[in-house]
């Protein structure tokens, strides 16, 4: 029972009696014994778990895919410089991020588009060889929620097979294009042997749902700490990214003293892999690693911990 | 008479005589006796009143309501990840903000959408039990200004009844969807026993208007310190929110030395309730509470003070 | 002859001879005698002239004029909260700015829309009585560049007459709606006795043009230091406004050591008059006033200096 | 062989053996001898090469070209204030930047639109006389990728001829309008004697491609450090530009210890030439010049170094 839920019960009585005290410090209100019991909400003793995504998509995009260039190409022509913006993702972006993860000793989850993996197999393989998780992200950039059951199952399977063939590991986690899963997606994932998906923003910790009458983990994703939304969507500068993600960490770190908390950060090859964004992540990692009890984990590790933990939230 | 109005009268004479001095310090120009009389413009001795809104809307939104996701869903499909963005509001957002208000000893006004209250009754009840004001915000997210008189009256009453049924308190304040009241709204509110509304941006202090030949309070709202406008509309980062609201406070605090001033800050469950925004509010509250004479008040308290105060501006 | 033009002549010879030195400091390259001659480019000895605009438009806007609210009103309805956003301009914005100008001893130019003046005559009068310039800004918010000669002449005259009737001063400066003058505007202004207009962004100093075979001053305006463009158009936070305008000042202050330079800042009643923006201007004015030789001037003063100065740029 | 490629080979073996160490510092993993060999990747001993573009386009734009003004001109009218925004580029912008480059001893590449050169020949000439590179940028602002081979060849040649006629130098570098070259562009450039183009974002260093069976250099351009994208497209404030470009430099400077790295910064007459942006560049140049081994180079110098260097990446 979380301290907030405990408060509701207690507060109900006080509130009905008109006795709600004017100042209640949520952290002070728990007695010492509870504090100790709640010291770590993670089975492995971690205080706060941070999970980084490194989406591998470039090379698999359709012609004239959306980029920072004006979206006004005349029909029948290819946006040649736009294509080089995507090339940057595998030529500079992923390699630079890989070096940076090593520098900080961090393992990440790479959701890989199948066609991108086939286009740059050596790089996909290197990601896995350097200790990161290869998770699935569809065969290409198609809209997934409009597919029929059969079509979608093939689409997911093809992408996962490409990853397994190239990297030697079978993906167990999934991320739909723009997070937009359809009504059949989770069933299909369960059938194909996946153990978790990330297309959910509802909580700051993993939770368990029932899919096909069996446990399935949800490892929440983020838009708030997501380079594609912040840098390309909201036009943040790299320093704004640092400020905002640091504030997110500060609050979650405080909360993690008494509650199971997970923080997500998301980066894409051609965006998070620029020098300015890798500098941003270096600043953030330096800052975060100064705090005790923070564990960087791949999402497959988080999903497995959540599935094994009887105290996980179940919906 | 405000010091500015006093100045106009004085200035007119000087101005016509060509005697306007080159530098006039508005604060220096009032003599000591006036300063003392004007020391506090609030009946209860507060120097500056700060009012925080915590809108409770998530869960009551229509399918595919606007979210940070691209607004390009194909017809006939539900935006599943978009829905989880709203779920965050009641699963993480409101609970986190409630803990934070307690930490700082602050009571806020929660404008509650009726259908959101019915969806999450325990949370609505908890808000009230922890000392915050339950104010009305319509039965759902419908556009209100196009409704007929009868339709609108039912819409407002239904929402207020839901709040009363669940929380045990009858709301006395109102906020229309996107502030967009219609020509009948105020009459209906007066008929239904409301004492104030907030859908007005014209002043930095409450004022009294005549509705159905009786006093009705206007407790001004804000767009300048409003998370939905700044974070989702203007794409501010959380640190920009801090900087801007701090600057707003600094100026109003100076003015409050000689004039009745109110500052509004507005937060929504799924936006103001994120870790980064609660961190932002923690920084702001820490800063504001270092200043003498600042009182955090619920809007019902402000409305009652304004209605009781003969010196309130009347329009 | 400006030092840059001097450089061109000198550089041509060196350049053709292949002798362009690798580092040329523009400020070091002028000999001492030139430096002294060029020390002040302003006739009155000022080093840098800063001109602030305080546009007085609110109250004169058409129904449902563009505001921070979503521009999606259904036809046949009035945007009631949108109207209160504009009311803020005369109820809080202009009064607050007036107090601030006095606090810093600064006189500004107020381009006034005729209908706004008629709506709030006491405030228009107060602006003038407190020492500021009343300049013209059309009779209302109509698009001016599509008007016929006769129509436009009446439109400009009506607005100017309203200002003269209410404030007792005849405006000599003009600003078209969104700066968008038409092909006849300048001729009409010259005919009506105006001496300058501001609808030009081409230079950082005033200059003289020929209109109807007579001198007419152009006192350049700004988009870079303009609240409507930065705060409402570009979604800057108030602190960004401070940073950017400070950087503008820093560079112009350096240049003003050897060249005639003018800096413009533009504020609108309902935008520049908010607490956060008045705080922003307080920070800027405090910073600027720490620099020697900076003169704050009304645009009519600048126009008259430029017209009287034989060394003014003439186009 | 770059250290990353070296790592792949080594990592493959370790990875397959399940021996990937948990923390690998990319910089620590190279042995001392390699470090010395790789100390400088640039033939001339530079550690990091920074290349600045100063696009000269204003004066050559079509009527009603896109500007910060609302893009809502009624048909048949000229946007007069919009035109003055462009005039600023040659009246204030380029002259101010030229003085600033001299102050810091920096030579830049100016991609010049042919019609802009013909409009302001003295300024184009001055740019070259002060030591900067005149590169080509088409005859006017036309969309280039839709032209036929013959049409495009004439378009490029005309622009280059204008530059040569006015400045006395034949351009060897090319930049297409909005970087959008067509399928024939590179062939035409090779035929006309150009040695490099910049319309590619795929790498942080120059590389060599084969065009018409001969070497042709690609000197990558930037959107990340580009005033038109950041200031006008993303609505950055000038201080955000400083922060972001500084972060870009920091990361590239670190990488340049072991790898050939080039940093690009791009400025346009009417945007990068404002006081606030020249102040921004002054701050950046001051910061960058405090670092050892950084060389500012014109793009023709970079292209020639890359073409002469056998170790250049060849695609």
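All chains are identified by letter, namely A, B, C and D, in their written order; residue positions are counted from 1 within each chain.
In the analysis below, a residue touches a chain if its C-beta (ideal position, glycine included) is under 8 Å from a C-beta of that chain, and two chains touch if they have at least 3 such contacts.
Worth saying up front: this structure is predicted, and the values here are computed from it rather than measured.
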* Equivalent interface positions on subunit B and subunit C, same or different at half -> different
* Structure fact -> Rounded to the nearest Å, the gap separating the Cα centres of subunit B and subunit C is 34
* Structure fact -> Per the C-alpha means, the centres of subunit A and subunit C lie apart by a whole-Å value of 49
* On subunit B, where are the residues touching two or more other chains? -> 235, 240
* Take each protein chain as a node, join two nodes whenever their chains touch, and name the resulting shape: line, ring, star, complete or other. => ring
* **Touching pairs among all chains present in the structure** => A-B, A-D, B-C, C-D
* **Residue ranges of subunit D in contact with subunit A within the complex** => 4, 8, 11-12, 14-16, 20, 22-27, 143, 145-146, 178-183, 199-204, 223-224, 229-230, 233-236, 240-241, 243-245, 247-252, 255, 263
* Asked: In the complex formed with subunit D, which residues of subunit A make contact?
  -> 68-70, 74, 77-81, 84-85, 87-88, 91-92, 95-96, 98-99, 102-103, 105, 107, 122, 125-126, 128-131, 235, 237-240, 274-276, 278-280, 282
